[in-house]
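Each of the next two complexes has chain A plus one more chain, namely chain B in the first and chain C in the second.
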Partner chain A sequence: MKFTIQREQLMESVQHVMKAISSRTTIPILTGMKLEATAEGVKLTGSDSDISIESFIPAEEDGIVYVEGIEPGSIVLQAKYFPDIVRKLPQSTVDIESDNRLNITIQSGSAEFHLNGQDAEEYPQLPQVHTDNSFELPIDLLKSLVRQTVFAVSSSETRPILTGVKVQLDEGELSFTATDSHRLASRKLKLENGNDQTSFSSVVIPGKSLTELNKILADTEDNIEISVTDNQVLFRTKHLFFLSRLLEGNYPETSRLIPEQSKTVVTMGAKELLNSVDRASLLARENRNNVVRLVTKEGREIEITGNSPEVGNVVEEVEADSVDGEDLKISFSAKYMMDALKAVDHDQVKVEFTGAMRPFLIRPIDDDQILQLILPVRTY
Partner chain B sequence: MSKRYPTNGQIIFHVDMNSFYASVEMAFDPSLKGKPLAIAGNPEERRGIVVTSSYEARKYGVKTTMPVGEAIRLCPNLTVMRPNFQRYKQASREMFKILADVTPVIQPVSIDEGYMDVTLCADQGSPPEIAEAIQRRITEELDLPCSIGIAPNKFLAKMASDMKKPMGITILRKRDLATTLWPLPIEEMYGVGEKTAVKLRNLKIETIGDLAEADTWQLKHVLGINGERLQNRAKGIDSRPVDPDAVNEFKSIGTSTTLPYDTTQENEVRQVLRRLARKVSDRMDAKRVLAHNVQLTIRYHDRRTVTRSMQLQDYIGTADELFSISFSLFEEHWNQQPIRLLGITAQDLAEKKEITQQLDIFSYEKHAEKEKLYEAMNNLTDKYGKHMFPDLSSTSKSTQVSTSFQKDFLNDYKK
Partner chain C sequence: MQTWTELKEIQPLAGQMLVNSFKKNRISHAYLFQGPEGTGKREASILFTKGLFCEQLDGAEPCHQCRNCIRIDSGNHPDVHWIEPDGQSIKKEQILHLQKEFTYTGMESNQKVYVVVDADKMTTNASNRLLKFLEEPTQQTTAMLLTENGQALLNTIRSRCQLLAFQPLPPHRLQQKLSSEGVSESNARLLSALTNDLTEALDMNKDEWFANARKLVIQLIEVLQSKPNEVLLFVNHQWMPHFKERDQMQQGLDLLVLWFQDLINQFVGREEEVVFVQEREKREQASMQWSRQTATDQLSHILEAKRKINQNVHPTLVMEQLTLYLKR
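Our next item is the complex of A and B:
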């Protein structure tokens, strides 16, 4: 195998596939990265058996040559050293060559590295995904769906299914739901025409997979194709192939947990609320759960307080655009509230409370596709 | 300031009640005075062990932790009594009240001993005069003997109170160390347990003086940071202050029980754990704390002891919660061998008023059910203050709570 490649393109691809490579894997060869050169270009593969990523660098695209002098072949090299080597090479092009004794030479300018490789035949074949359950959507939309939900997955393995995001496609409506049981984030999206036929009941994608995917995908309006099977999901763009296993098990039914009626409704600027909670949390950090308290006052005033017995307290009255319904005193995690407000990503929000011990909802004022739910904190 | 009062450095007392439980029984029933007396866990059962004994019994060789049977063999006239913890606590409280009359800087260490910092008590006389006055009041008012150590720091005070028993007052000055402290065998040193003593003897350290002169690096190597600490103490250096609040920083509440006979019956274990859980829960209630960690202790027939604990997601405090966690720990870790002792300890405690509980989407409803009640209570509390809702259940129960080694009542002398 032999080729000369643009260092910048190689670096980007290396960084992408590194997201799937773990030094702690039960299959030793998966600590390596597979390089495969064909006349069309160079393909890099990394996998930890939960996530597999392939990144393709075309020999030529839009008249720009990325890879030249290709002698087809493949090799697995040690992923631990490769990214740093590529990053620190002196020239903008890199020559990579492997001989039949699995020795790899990486050369750029006058720098020359020799690495021991492994036989690519020993690298596991990535599973083929055969499914009719495919649909497409713009990458930037997928990224915002992920960003608005994935932060709410559970970080604890006590209920493994909650470490994933439930993804559902029903009559052209795609929905993402995540909950760690203390808060819930949900986002819906009506897909463009052409995707109406596809539907699948629901799959649970590991939160970690989606987080890594979001890091790799660039913010573009190009489409990404998503294919779902019983135990895997594949995300495919022009040059990227991102395969993740699905979580097994039943995702708890969450729709019935979302209150339909509310007793106190506050509407106000998301930023004002966020900043005020942020300030209150400065002095709430010392107490457990980082709890702040919200109390409705006269008229449209609401009071937000944070308090740590040893440090001090902070009180702030902010004016809402409207406060309707019963008076309310409620405590909640400042972090959850700030996460939710950031995810809602709208200027004006509506916060709907149903009581001090019951979940409350945060939604954009004019968009019912985004929903954030938070369970309050009980104080004794 | 009195001329006889030392002006530089601190003056610390360690007050140590002499064979406290036995002495309290003798004060309660003077006919027991002068007789060999032992207080034992369960006198009628073969495994009851001697918790404490009078000096008269000690002459026969009766020792703490000795099985009752053996003690009686050594001393056939021995009177064996069950402990009356309520009595001991009452006596302890009165004793600390007497100390509190001298200075508020008191650190109770256990039911029968405590430190006092009398550095600023020159107006009450010289340190030995103050010590004599304390000893006299405790004898006259409570009919109890005690020994008092007087020294420039806690460690030396503790060592001093041990030097003359019963009814001793011992002054240990730094300049006396070479003659009084250093000749003592290393085992006599407070803070040196069996294992440490063996390690030290391996280093040819036989006396406290040897320890003071030993190579610091070598000590650190063998005993870690504790090695250096022990050496400093041996040199007479101990900078720990007398901390009246130390009792408040209780880290755990626990209780254990030796079974009347070794068992492998899960049913019996279940019953015992239920009982222990209730006890711990009552004591937690009395202290208004919740726990974040529960530890189970199992001692097997061969005295091998294992402790296993579980870190929890939420704070818990009810007997049911404590029971179910300790029982699941039991099921997970019991090796099917006969069990002699079981214990439950609630750890990682926090005061209820500082605790907040993040509600859970799948279980919030059990809290939400009582929303109206909590709301009404909060409103009344806001209006009339915290005393609106004294916790009736816990105040009535706290009086029955009892174990030998709990420290949570040691604050009560302040009341």
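Our next item is the complex of A and C:
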């Protein structure tokens, strides 16, 4: 393998790929980074076995040549030293060459590094992409889908399946669902390019992988292609491939959890509600569960209280836009409520209660695609 | 041991059973390989894993050349997990990691294999965690637990695995091999009684430390017989400085076990089984002093001492207590 590459481009790719590489891995080869040169360009791969990131540097793009003198081949080199080497090289071009004894020579200007590599055959084979099982989505939309659901995944390993987000595509409708069995976040989306043929029964993507993906993707309106294979999911932008393993097992059926009717409906500004719950939780935080209490009053007033016997209490009356239905006293976790309100991301929200002991829903007023469900807390 | 045929030479029964489970496509979700050191447990587990992943499987025989086989050898296969004791025991965290690994889908295929080496060294916490997914195996997951002491595992774990006993190699086989490598007959006997592994035996034969260890054991017996009051001095001045590490101590106690075993063999008239062939005179002397019953008791005290060493009891205290028992 041999090629000459622009250092800037290489550095950028290396930084992307390094995000997937962890030094604490049980499989020795994964401490390395795979370099693969083909006539089209150079591909870098890093993986910690849960997620894998591939970054592609095309030989030529828009008339600008990035990689020259390519002799195809592949090698795995030590990821611990490679990024620093690339960063500190003196010239703007880098020559990389490997021989058949797995020695790598990195040369730039007068500096020359010799590294010991590993056989690329030893590196895990990432699944081939089946393009027939894929769909496209603007990146910023995907990011908001993830942001609105991923916070609700379970952090405890007792039910591993709940640490993931269920993703389902059915008749052109994409849905993301996450729950930790105390709250549920769900977001649906009608795919615009109307490709009704693509559908896959639900896959569960680990929450950690999605959080990582959100960090890596830049906020642009470019499209990202999502493909699902048997055991991995692939997110593909122009030059960056992000793969994640899936969670195994059956995701619990969540549609039955969502109440059909409601007894009390409150509509109000999301921001006002969020701020007042936030204030109430200041004192409630000392309390074990961070519980606040919501009581409907005369007219359109609702009272939000936080109480912590050792510290004191806080009472606040806020005016809702409308309160319909039965009177209600309900307690819930302030943290869950705040997370949900932040995720809803609309000015006006509708909160639908079905009694003090039943889960309640938070939705934007004019959008039924976003849904947040919270279980109340029993207080005496 | 590269092929099943070679494995079957030393483990006819276990080897055949594993091959059959391939041929008849009846692969169990968990196996427990139990047998003394050097009986081919690890080799069998590697062969079996290769059998599950190899791309060019010929019957049950893996090719050893495809990507998967090569990566299983080098420990780089992403869907094969080796759990080995981290220090003295297999910790809960290691099993937790494994547990997490198995809630994910496979990296390349959906076939997953985990091998727990020295499974008896799992802490109670770790065992109970492991039990959880032995009970509810996910699809296409194969577990192999390797142990030298199957009895030390939880019953609940044993009952969920297919047990495969790896027979100890017949000592005379190794003995012959050692003799053909130029080891003296008396040494060959002793070494083959201590280990099943040819290379380990040859290493021990060259090791000066081992020769001295052997001498010390004989001396200890002498002191016990002739000057029982000085035995504590002997332990402190000679024995302890030589057997510094825990595994060295274990080896010393193993030698002691062999010597008392010889004594019992002599009582029951099985002279041909005797290991310390050259120490006939001392043994006869000992048989005057100690009855068969005493020798048996002493053996169980030594085994008890071995157990204590494993449990991190201070070695000097163990040794002192042991010698006090022995000189009674």
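The rule is short, and it goes like this: the second predicted complex is superposed on the first by the 283 of 380 C-alpha atoms of A that agree within 3 Å, B and C clash if a C-alpha of one lies under 4 Å from a C-alpha of the other, contacts with A are read in each partner's own complex, and residues count from 1 in each chain.
Basically, contacts are C-beta pairs under 8 Å (C-beta built on N, C-alpha and C of every residue); 3 or more make two chains touch, one makes a residue touch a chain.
Predicted model, so just to flag it, every value in this text is computed and none were measured.
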item	value
Contacts of A:325 with chain B and chain C, given as first, second, both or neither	neither
Touched partner set for A:58, first chain B, second chain C, both or neither	neither
Contacts of A:122 with chain B and chain C, given as first, second, both or neither	second
Touching partner for A:377 - first (chain B), second (chain C), both, neither	first
Partner chain in contact with A:138 - chain B first, chain C second, else both or neither	neither
In the complex, chain A residues that touch chain B	156, 158, 179, 181-184, 252, 254, 257, 287-289, 291, 309, 329, 331, 333, 355-359, 373, 375-380
Contact footprint of chain A on chain C as seen in their complex	67, 70-71, 74-78, 81-82, 96-97, 99-100, 102-110, 138-139
Residue numbers on chain A that touch chain C, as the complex places them	26-30, 49-50, 121-125, 127, 157, 160-161, 163, 206, 230-232, 245-249
Chain B - residues contacting chain A, complex	313, 350, 352-362, 364, 367-368, 370-371, 374-375, 378
